[in-house]
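Letters A, B, C and D name the chains as they come in the text, with residue numbers starting at 1 for each one.
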Amino acid sequence: MLTIADVNAYYDQFHVLHDVSCEVHEGEVVVMLGPNGHGKSTLLKAVCGLLDRVDGTITYKGQDITGWSTEQLVNQGVIYIAENRELFGDMTVMENLKLGAYAKNARKKEKRNLARVFELFPRLAARKKQLAATMSGGEARMLAIARGLMSNADFLCIDEPSLGLQPNLRTEVFNIIKEIHRQGKSMLLVEQNIPQIADLADRVYVLEEGCITFQGSAEEAAADDRLKEIFLGM
Amino acid sequence: MKRIIPIVLLLTAILTLTGMAHAGDVIKVGVPLAMTGPYTDTGDNYWKGIKMAIDEINADGGLLGKQLEPIRFDTQEFAPERVMQGADYLVGQEKVDSVHAGWAGWGQDVRAYGKYTAPFFADDGSQAAVDVFKEDPEKYANIFQLTDTDINQATSMFNVLMALPYEYPNKKVVIINADDAWGTGVGDTLETKFKEAGWEVALREVVPYGTREWGPIMTRIRRIKPAIIHVEIVSAPEVITFFRQFMRTPTDTILSYGYSIVPREVVETMGKEADGLIGEVPTAMPTPEAPTPEAQAWVERFTEIWGHQPQAGSWAAYSGVKAWAAAVVAVGDEKDHAAVNRHIATVGYKGETGWWKWDEDHVMRGGGDVPFGHYQVQDGEMVTIFTDPPTRPYKDYKFIKPRWIK
Amino acid sequence: MDWKRMSGTMALIYGVMALMPLFVGGTDHLMHILIMCLIWAVVASCWDLIMGFAGIFSFGQVAFFVIGAYASAILALTFGIHPLAAMVLAGVVAAAIGVLVALPCLRLKGAYIALVTFAVHMILEPFLKSDMGRAIGTGGSRGILTIPPMELFGITFGAGDKVAVFYAALVLAVVCSVIIMLVIRSFWGTAFLALKDSAGFAASLGVSAFKYKLAVFALTSFLTGLAGGFYGHYIGMLSTRMLGIDLFVMLMIMLVLGGIGQFPGAILGAIVTVTFNEALAPLGTYRPMVLGALVVVLVLALPDGIIGLLRNLVPGRGAAEPAVAESTAANAGGQG
Amino acid sequence: MYIEEYLDVFISGLTNGSVYALMAVGLTLVYGVSRAFNFAYGSFYSLGGYFAWVLMVYLGLSGGYLMVLLMAVPFLIGFGYVTEKVIVAPLRKRSDWEVKVMMITLGLALFLDNGYQVLFGPRMKSLPPIMTGAVELGPIYIANQDIMIFVLAISGILAFRWLLNNTRIGMAVRAVAQNPIGAKIVGIPKNRIFAATFGISTVMVGLGGILLAQKYFISPMGGWDILVKSWVITAFGGMGSIRGGLLAAFILGMLEAYVGYVFGMTWVLFALFGVLLATLAIRPQGLMGKWG
């Protein structure tokens, strides 16, 4: 579904990604593991058109999408869900969700998607009028994911969904992600560590110092001693 | 980097050449006026008078057989260096033989053009300009003012206000003037005059140009109920908004607009609504009936050429050109600036209404054949009701008590 | 631009200027234009220093110029101080007012600073015209019409001897330019660039934003005030009409043409702008319209002003500087 | 005490405030959304006035102010939109772009103002009054014209609020102002929003120009005063804060009226800047502004 080939990316003047190649197949959840500051987020941003300079080739559903604007990508069904949420703080939950459906293709299905999202996140349904800035960390995270789903995307790039969350909330978020996956969405997930990796991921990559250092199935990752120690917290 | 030199040289060459393109038998006349910026409208009025005079002279075969060629210079907002630049360009560079300006810098112009000898006509109407002249009458012998000073004009306004056939209900006056040299000069003089006459100056406001909202001042005026309000802001939007806001709940007050009656928009925009306002124009061509047949012919000519009644300044600037031309003819050489200046200063010039005489300060003082005109708006047009000095009614035109006075 | 290139360009510009009187020395009107080129070059360079290098949106440069001009004229007239000393004192007065303005300003950001400094400009005219102004000798709305010219070594540097004034102006311009260049090349310049890129980063280097910005405010006001004093003694008269929008716009055009933060571009900008404005004079009423259109086109067409253009035309050692600034500005409107 | 005089002045301040609010809101919106400071804002004010003059006086079209407003809105939106696209947007990626935007809009202002002068002449133009007559409540006298200006200005602001709160484009505008990155993520075309914002702000100030032209006239350089006042109000209320701008507009409208009444018109400008400076000294971000 998504193929990244020999991508080099730059953040300001810093060369962050070096010849990174990876892919996500239709209906897959791929987890990109790696320590903080080694380029995981940059990779997601490169895919989603949020960087100024990206070399290499990115294809999505057979189309070359390198250099596309975020706007075009959202319309094609690729959505980025930011690690720091990037919500509209002075707006209500409902307004945030409506803005999630800003892209042309999403507008027609706004009602249906809204119903689905509220089904998935009953917490949000109860807080439609609350300002986003006043929400707790976990709720805000859920709102960010929910807003992403409103775009009617087929492909979600989720940046560290569990960052800074209590263990119980974490589980809840992962459960929701699983549910989304069950509904047929593909995902590229970035995380520093995931204990329940096998439960969630189909395949795993590890990105260190801007290079891919491991790739394999979730089972292979779970069996790898080094990964177990560093990333999986087992 | 080496490309800079040719660029600079090229630009300099262009500058020099633009000034040297003309030659042959012409007499160059400098015309420094505001062509852009906030003073454009007044500049336009002077230009119409000057252009008319030049065209007439050229149509009559020119001056000493040579055609006059006006060279214009944009004085913009009269920044000091701009005024000086005008003098250096027109007289220093273009070697014009006379300069005809209107508002020209209120004293700055005297210094700038006083360095040269070519006769210079200005319509500053400012004591500041006369003060500069007085410093060195020899040096500034080429400077001629086409109108009397702000002080004398204000005195004349005061005299006419006192001479109106009208019983003032009280002795309270409100004076509102713009914060420029002209407005302050008139305001100060009037304040002194009224106080000397035992009047109470109940309110004196100095306002910036651009004032359109008079609510707070009107509130105070309504309490004061003055017998006279004098407004001295030579800009139409200000004085029209003032009038309209005054008229919402008028008091029994004579509205005196002084020189601010001048912008044509005042009567053109308001028409009969403006009836009752009184105002003053120095070096005036009285309307609707000129004092002499020649003057009447001039007014008609002007109206035919430009499509509207002459505005203040047009006639003064026109007469300046004619006065200089007469002196050149008398002297017989436009290059003999000293003789031309002497002729203008001592002999003067006979114009449409009679003799123009400059006094020892080279100011065209109000009076004689060229008095100040005092107007009232009647039936939507400016009508001369008095001339001054001496203060006397003009022909059969009468002051009419404004409609808002009970 | 490296040190050599900068000083070389400056030497070339001023060198060419110094030769100009040989060609046009007899024409007062052209000499006047050249003198004004030099005076505006100082003011525009100061503006470039504070806005282009220090990144402070000061819109008060014309105001400081006028303050300097009035201060010098008043000092020379009412206290009989020698014009040269009066000019320097006027610079000090302008600097003191600059610091007073800077103190509240430096807590502010971007467009706010622009507003507060522009407020000084806006208030100056009514102040000079007011009774307070008259009391200190501004002459109210009449202005000051009799400022004594500077006399030195038996030469009178007044409107009468334009060649003398020109060389005096040249000395002034060169001195000011060298000072500005030294500032840019010194630790200050580096500090400002750091501050502009990232205030946090600069703070970590131990750069005190406040101290440097205050100093640059004082310095530019001083030099601008000095130029203002020079102007007053040269022209011999002053009025509040200098505070019209005309001069302000002209200075801005000089900066655009020269290139913001591209010293010594501002000098070149001043020279070209003044010359250009005079060359446009035959357009009469259309001149400011054309000027406005030119500003729009030039800002779009010349991202780094004339200096940038020349750098592209004349490749040299320092020419291959990477466009570092591009990426920092890329997130335009970001960080909401 | 002169109670009725104070009331009189109060009404004057209220009318002023409403119009200032209408116009300042546009400036603050553009700054809040795109950080661009528009020096040609005053020229857009004159543009509205001249547009109405051409329709009503020059062409003599009948239909009154309703027709003018209906035609002015699309014209002004289009003008603002195109202006942003053509001269502001290309600067966004450059170094020192904020200064350059100020400069280019200053150039535009010079072009437009002098263009008006060339096209329409230096003399002022006037529009027919929107309403004549007055309401008299005892000693208090309120011109119908002022009531109409107040009502229209307030309706303009309410329409603007409605637009921001209830339409997709309005929400997108707020989204870009609050979080440009978030807006980008959800696929809002930032550049188009910047241009649209510019268009909306042009409508606000242009409508102000039409409303005020019939009371205060139109002249080529008449916009500068408006620019300065809108600027002061925007900074006073907090750049980018619409609620702050509204509050500031009414405070300054009142201040102007009362200072003029008690101390005289000369002091109005000093008072405006004095209050602004004092406020900024205590709250550098203005009444309701946020840093950023």
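Here is the rule we go by: contacts are C-beta pairs under 8 Å (C-beta built on N, C-alpha and C of every residue); 3 or more make two chains touch, one makes a residue touch a chain.
None of these values were measured; they are calculated from a predicted model.
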Practice prompt. Select, from A-D and B-D, the pair of chains that is joined by more C-beta pairs in contact.
Written response: B-D
Worksheet item: Quick one: which chain's Cα centre is the longest way from chain A's?
Response: B
Worksheet item: Using the mean of all protein Cα atoms as the middle point, what chain has its own Cα mean nearest that point?
Response: D
Response to the item:
So, in whole Å, the Cα centroid of chain A is separated from that of chain C by 52
Worksheet, complete the sentence: Per the C-alpha means, the centres of chain A and chain D lie apart by a whole-Å value of 42
Worksheet item: How many angstrom between the C-alpha centroids of chain D and chain B?
Response: 36
Worksheet entry | Computed distance of Cα centres, chain B from chain A, in Å | 76
Worksheet entry | Residue list for chain B, restricted to those that touch at least two other chains | 36-38, 40, 179, 208
Worksheet item: What are the residues of chain C that contact at least two other chains?
Response: 126, 285, 288, 328, 330
Practice prompt. Enumerate the residues of chain A that touch no fewer than two other chains.
Written response: none
Discussion item. Applying the document's contact rule, which stretches of chain C touch chain D when the two form their complex?
Written reply: 51-52, 57, 104, 107-112, 114-116, 118-119, 122-123, 126, 130, 245, 249, 252-253, 255-256, 260-261, 285-286, 288-289, 291-296, 299-300, 303, 325-326, 328-336
Item to complete: Sort out for me which residues of chain D touch chain C in the complex.
Response: 31, 33-37, 87, 90-100, 102-104, 106-115, 117-118, 176-181, 190, 194, 224, 228, 231-232, 235, 239, 266, 269-270, 273, 276-277, 280-281, 284, 286, 291-292
Response to the item:
Per the touch rule above, chain C residues touching chain B in the complex are 8-9, 12-13, 16, 20, 23-24, 27-30, 32-33, 36, 126, 129, 140-143, 145-146, 159-160, 231, 235-239, 241-242, 244, 246-247, 268, 271-272, 275-276, 278-279, 281-282, 284-285, 287-288, 310, 313-314
Discussion item. Could you list, by residue number, the parts of chain D that touch chain B in their complex?
Written reply: 2, 5, 8-9, 11-12, 16, 114, 117, 122-124, 126, 134, 141, 143, 215-217, 219, 221-222, 224-225, 256-258, 260-261, 264-266, 269
Worksheet entry | Residue ranges of chain D in contact with chain A within the complex | 168, 171-172, 174-175, 178-179, 181-189
